[in-house]
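Each of the two complexes below includes chain A, the first together with chain B, the second together with chain C.
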Partner chain A sequence: MVSRRDFFLTCGGAGCALAAGVSAGTILVPAKRAFAASSPRAYPARFWKKLPNKRIECGLCPKHCKVEDRERGFCGVRENRDGEYMTLVWGQPCAVHLDPIEKKPLFHFLPGSRAFSIATAGCNLECKCCQNWDISQSKPEDVDFHFMSPEDVVAGAKEYDACVTFTYSEPIVFLEYAIDTAKAARKAGVRATMVTGGSGEAEPMREALKYLDAVKVDLKGFTEDYYQRMCKGKLDPVLKTLEVILASGVWLELVHLCIPGQNDSEAEILAMCRWVKAHLGADVPVHFTRFHPEYQMKNVPPTPNATLVRCREIGLSEGLQFVYTGNVPGLAGENTSCSKCGKVVVVRRGFELLDMKIKGGRCGFCGNAIPGVWT
Partner chain B sequence: MGALATMIATKTDAAPVPLSAGKPRVVVVRSKKALLKNGHNAGYDADRGALRAMVDAGLVALSGQKDATSALAKYFRPGERIGLKVNGLAGRGAATHVELVDVISVMLGQANIEGRQQIVFDRFARDLKTSGFSSQPRGYRCMGNDESGHEDALVQMPSSASRLTRVLTTLVDGVVNLPILKQHMLAGMTGALKNNFGCIHNPNKMHLDGCDPYIAEVNAVPEIRSKQRLVIMDALRPVVDNGPAYQPGMAEVANVLIFATDLVAADTIGLGILEDLRAKRALPTLTQAKMAPTYLAMASKLGLGVSDRAHIDVLSIEV
Partner chain C sequence: MDLAANLGAVRRVVVVAVLVAVAAAGGAALLAQVVLLREILASSQGNELVLGLVLALWLLLTGLASAVGGMGPLATQAAARRLGILLIMAPLVLLGSLWLTTWAGPDALGRVPGFSRFAAITILALAPACFVGGLAFAWSLTTLPGQGRAAQLYGSETLGAATAGLLFHVVLADRLSSAWIMFVAGAVCTLAGLCLVFQRRWFAPAVALAVLGVSAAVCPRVSAALASARFPGQQVLALEPSRYGLLAVVARGDQRAFFHDGTLQFTSEDAWVAEEHVHLPLLLHPNPRRILLVGGGLGGGLVEALKHKPERLDYADMDPGILPLARRFADGKTRSALEDPRVRAVAKDARLVMRDSPGRYDLILLDLPIPHNALLAHLLSVECFREARRALAPGGLIALVTPGSETQLDAGSRQRHGSLMASLRAVFPAIGMSPGSPTIFWAGEANVDARPGVLGARLEERDLHLVQVGRTWLLDRLLPFHVESFHRSLDSSLPVENHDLRPVVYLVGLVENLQRVSPILARTALIVLRSRWSPWCVAAAVFILAALVALVRRGRPSPSLAAACAGGTGMALQLVVLLAFQALRGHLYHALGGLLAANLAGMAAGAFAAGRYLEQPRVLFRACAGAAAAAALVPLAIVCARAWPSTGTTSILVVTVLVGASTGAVFPVAVRASGRDGVAARLYGWDLAGAAFSAAGVTLLGIPLLGLVPVAALAAVLCVAASLANLRST
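== the complex of A and B ==
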């Protein structure tokens, strides 16, 4: 068990960058159970197959990187060593952070609870707007990291009465670690959640979903052009992942970061909302969040509030039941209303839970079931 | 000689060939004595004497100077700190030959660039070690980018962004680009331009679409471009297929070194040699194999050099 005394606050290396990119919250590094390291350890990876001449093909994500001996895939954290594929990030998070669950954002999953959030280096996309590019676009060697076993992570979460959340960079690239940690969490009665871009293959995602309690997916745009141009990815695999998550029964929420002039046209938002309703259902919460200039998009202004309000209006008019605005504390669209009586059942401001009128998963006013995980 | 048939045959003791106005010069030096088969070291040892003769001849022909020391003085000033950018990723057998780097290091010393002012660098210290490089007591230092670290600041390119190795930004004034010529399953070929992927922190993000336009854009970064002084491409035993990893059956002895100051031109001529070696094995051309290195044309378009063979002044030398 990790006691609070075992943790100390630090604000150096990747952690400092993370704090700048994500929030000014607390960076937690377990002092006793983890130790700083300079070169990453390699552990056998899963979800790959051998090709001739010691080459391998990664099956973790749709890129299906064909990797030569001694080379790495697009994510930069999985390496071919003499014809065996290894992960260089298992048990080696570069960010450990305690967040409100609303920051993920997960609005229909244990409101007011905390998320013991971890990330490793690496990502299988390269979004020009990435807030955490310091770690997501880095190799393990480029960041400060610490050894932390799945059990250590779970103990940390338990100590803070938090769920475990895989987040900040891209959990798909550290999926073996995430799966092992989520397994340990379930065994210990701790919930596990994931924040992902959703660009994964179905088989590994299904394996992870067995041990997850909620997933938030960034649906970054709704055109192939956007994904290719802005993220070095593809839209279609993300949509398939969303359907895989829905089919698994694991709680799902979506976020769409609205970037002025890039993915915020009425036509694109409309098409996205219609697809969500048709393929995922009206009960899946959708968050339209404000963009802040970051990484390769420092020349683009923040999203106007009016855009977020308009996106929310489109979602609601298309029949989506739970549509939120985000990253603008105080803007209309942070609260949850009952889809039957229309009364506000969860009151929020920013990441703060102010009031909740949901009891046993039902509206405290009319008794209507509110979809989500409330207890 | 195939694609090299148009080259001018020049003897090493001939008078310097004047530089052609408006055309970058590329010198292709061959020596049958460069690699000696002896059953270890990936099957071959490089002969330092032969390599020295090749480098002497190559530098003289490239620079138009009377000797190699004068040639080096044309590219480097005494007291400058020089980076020797090798390619050690694939390990011994498909890495820049240590013997070649040793020869060049000694020659730099003779041109008043002392060993302690020379840094042999690549992405990982591990790769340098497994390729046979180690810091010399009175010679060059070896350094992986994982040891030097990268700049915090991002360099923005049209299609991507990177952080530069501190070796390049703070530790050296100029670079000798020492790539190894190889076929590359994603880029088509790897040579001088692609070697500069070893100057950034995230080449893994730049192997999409045949590395095009990424290779060209990386080479257009002012901090990288401005420090490229000289290319000496190791084409002693190129990997002709299934590259870039080393596979003994795919490495073909060519006994060639390529000298240039124009990276695009160097790669263009290297590509011709690679295609000749592939043709000897009845392998399809890279274009036929859908692996044409289209980034060469992009590099030319960005003004980094010449990718049209007709506009390259090629000298071929046998020593």
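== the complex of A and C ==
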């Protein structure tokens, strides 16, 4: 019979042998992270202030992270190094792609044009339904990235006759890079746009807005509970950002991703539409888009088409002039109609522009001004 | 004399009653195990590795209950009374166990609980049912003491379990819901328990009736609770167990969403999504006349594929339950497409369709989720692609459509996509890809012209007026810099080929978990295990180590080591057989009861047969050697099952019985070889401990790292070590 002592001795010996073998293997194998590309470079960040004991307070977004030395903020891409705040994503986009502008979606901004879209890792929110979670919820060292200076980005946009768009993850967390690139784009005569969740502080946003030509903001929900529960964020700062953008004169469009059972109640949609009309005006386009299962919500069915149609009806009934449905090509609500004569002036199918009857920013039928950037 | 005869008769009645009671408890435990396994499997989106964890927990909890039941002095009459009361209450306990599995369901956002919460809930859910089985065995041992009785009780328990397993497979699985199966199991226990106590407790029949009545009333509520736990806050139109899992149709407004084991498959409003999945692959072929579509058809893929006007469109969906549901709940266009004379929809494994159709198809389109279990992985393996290659006509193409990312894949997804690419490369000389959401791979004998201009021209030639797919879409999907960047990222992920018997999905899951602990360890695991021979090197190393240990110990017989090895080997092989069955046949969800019953029947037969050879010399060595020999047959049976599908299921069943018999024979032999009284319970504990640790080790490390066949070889190695350690046993 095996005694307890023998049993434990045998197990212990086997365990030590296994540990020794694994340790030897790990020492011999090159010490590289399993899936990382290379180490990101650090550049000085802006919009922060020093605190005692080498701590800093970030001022980029409402979270106002107070960061210890060698620690990072919530977004994971800005790091305190010896009392100096550094961004780890300047010039290092991990996503570079060419999209139709309608995909952002920006329907009243240069229809039919292309968007040279870039993004870095990181985000200052954590939305459970994030469509780009692969990069937004990653650290810079966990993704493959390219080194692209602002001039490289602008050159890429020019090659494809596209505007530069900061999108996919959250441009607020790479705002320094976005501002420098937008400046370079403005200098080269290339337009710049941004797709953002809008959870940023006013001062950095105003700085960026000086060089942007259009912004699309995700108004994810219209209750603080939704923002807290689903995004780890807050609603109020987003509403303030919307007012800042409107005041700057930069073209603004809104998107609301309708998630079944979470933010698609009629009461919430009604409240949102009334606020938009009262604070932003009836001419700001609003898109109600279909949710697609993703990230932590892979088993929630997509938004029913009837919900999108109903949301659009609510928006139009509250006096909003340009209300669209999105992510369902062929569904009513893709085209732009003149608010005066009611005729369809822009025909779209999915992300494709089929026809446009706008001349000089005016309806081709009745001459009414159609808000937007058309040339 | 009359008194002695009467006492003898009463004694015999008690013995029979206890044997029947323990058989009922064994049967109930098996049924509960199968039902709870199926529920937990469905809650974990069909990941088969939970089988090992559940079985490990089951054994540990049963062993704990058995140990608790055997503690302290207890008179035989008291033990009999307790046994009777326990069995009378069994229906309520089993239904309670089932109800507790609702806590393992997804939350309102469809997310399954994290591992630690899932494990805690599993323990809570299993505990009541395990305690019924464990306490019943312990109290029955107390009721009928004696070395010979232990073997009888063990045999009776396993016989009851084997019978119940067979009954489940043949009758219950297709006819009753989980709640009613638990009720049936509990009701049999109640009757058996009543036989033990009704003579001493006049109110026992009334109590038994009350328990049965309450349980029957509670059954529908438990069923409803299970349904609503899976889909909180949603309207469930249909919830049906099929051979492959749990199918559900959920409504929100006019939209119908179809689920399999809690995983969303498609909805009735996915038409434009189907465009993005189907048309690019179809445009890659200049003239696709005969098409095989696997998956995705019922979400709009059939409708879109028919727009290319093929002569014949075969649609294969393995699950026979899905086509009737689609005919009831899918959108009108899909229902019409199913009636199209060009469409032949079959509820059949696509690999069998391909095997029966050499040289037939111009295009084989696999529109599947990224595999998260062996069931899906076997449709995306090197072996599957070889069969697809034989089924392709000259100039034919295979295309895989899988979920992807518009921006960049995360590490785990990159590994999975890399595995798909590596598996295709192992079979086809020419491969192309289009990254994005979805990601599309294609492969064939020669490179195809995938220029956007060419594909756009085919769009017009075929007169296709699509909502989403057009020239702009094709341009964006096939941007060269995007394709090159994607290709590089897949190559850098150290991709591992996916094989039927070494599903890479398990390895990727393990590496993802290792990555959180130590990225260096994760990378080491990938580098070492990319080689096909590395699992065999590991097995050889373990064999040498085990042989050395065994030879050092050969002078000292070790029944406890033999019992632990037998338990560990039996469990390891059982898991290998179950997962191999799933990988090769796919309908483990339906066959689980039968396979467990076959194993238990083997164990009962082995225990019974061993009783006749207890006096043979070196019997313990022979028993362990027999177990090693049976273990060595498992890889052979699995290879036969893969090569000859028609006889494969039989060979798996036969070897399951043999493994059960050989490992079941070791326990009574070990008891005999110990030469002491009162060690049966302790050796049973060693057996259970060996099995539990083996289940956990095989599930968490063995199968993900090494694959199924090397793990079976390792199990044989353990038995060889145990037999060598008992070479000089008497």
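Quick notes
Please note the rule applied: the second predicted complex is superposed on the first by the 338 of 375 C-alpha atoms of A that agree within 3 Å, B and C clash if a C-alpha of one lies under 4 Å from a C-alpha of the other, contacts with A are read in each partner's own complex, and residues count from 1 in each chain.
Note that in this section a residue touches a chain if its C-beta (ideal position, glycine included) is under 8 Å from a C-beta of that chain, and two chains touch if they have at least 3 such contacts.
Computed from a predicted structure; not experimentally measured.
In the overlay built on the shared chain, the residue A:53 is in contact with chain B alone; chain C does not reach it. Of the two partner chains placed by superposition, chain B and chain C are both touched by A:138. Once chain A of one complex is fitted onto chain A of the other, the partner contacts of A:296 extend to both chain B and chain C.
Contacts of A:126 after superposition: chain B is touched, whereas chain C is not reached. Comparing chain C and chain B on the residues of chain A they touch gives the larger count to C. When the shared chain is aligned, chain B comes close enough to touch A:232, but chain C does not.
In the superposed model, A:72 makes contact with chain B only, not with chain C. Using the contact criterion defined above for the overlaid structures, shared-chain residue A:281 touches neither chain B nor chain C, since it reaches no partner. Residue overlap on chain A between its contacts with chain B in one complex and with chain C in the other: 133, 138, 142, 296.
The touching residues of chain A, when paired with chain B in their complex, are 39, 53-55, 66, 68-76, 126, 133, 137-139, 141-142, 232, 295-296.
The touching residues of chain A, counted against chain C in their complex, run 1-2, 10, 17, 22, 25-26, 29, 31-37, 94-100, 119, 128, 131-135, 138, 142-144, 168-169, 260-262, 293, 296-302, 304-307, 328-330, 349-352. Within the complex formed with chain A, the residues of chain B that make contact are 89-91, 124, 127, 146, 150, 154, 156, 160-161, 185, 201-202, 204-205, 207-208, 242-247. If you check the complex, the residues on chain C that touch chain A are 106, 108-111, 233, 250, 252-255, 257, 259, 262-264, 267, 269-270, 272, 405-411, 413-415, 467-468, 470, 472-473, 476, 479, 481-482, 485, 488-489, 492-494, 511, 515, 518-524, 526-528, 545, 549, 558-561, 674, 679.
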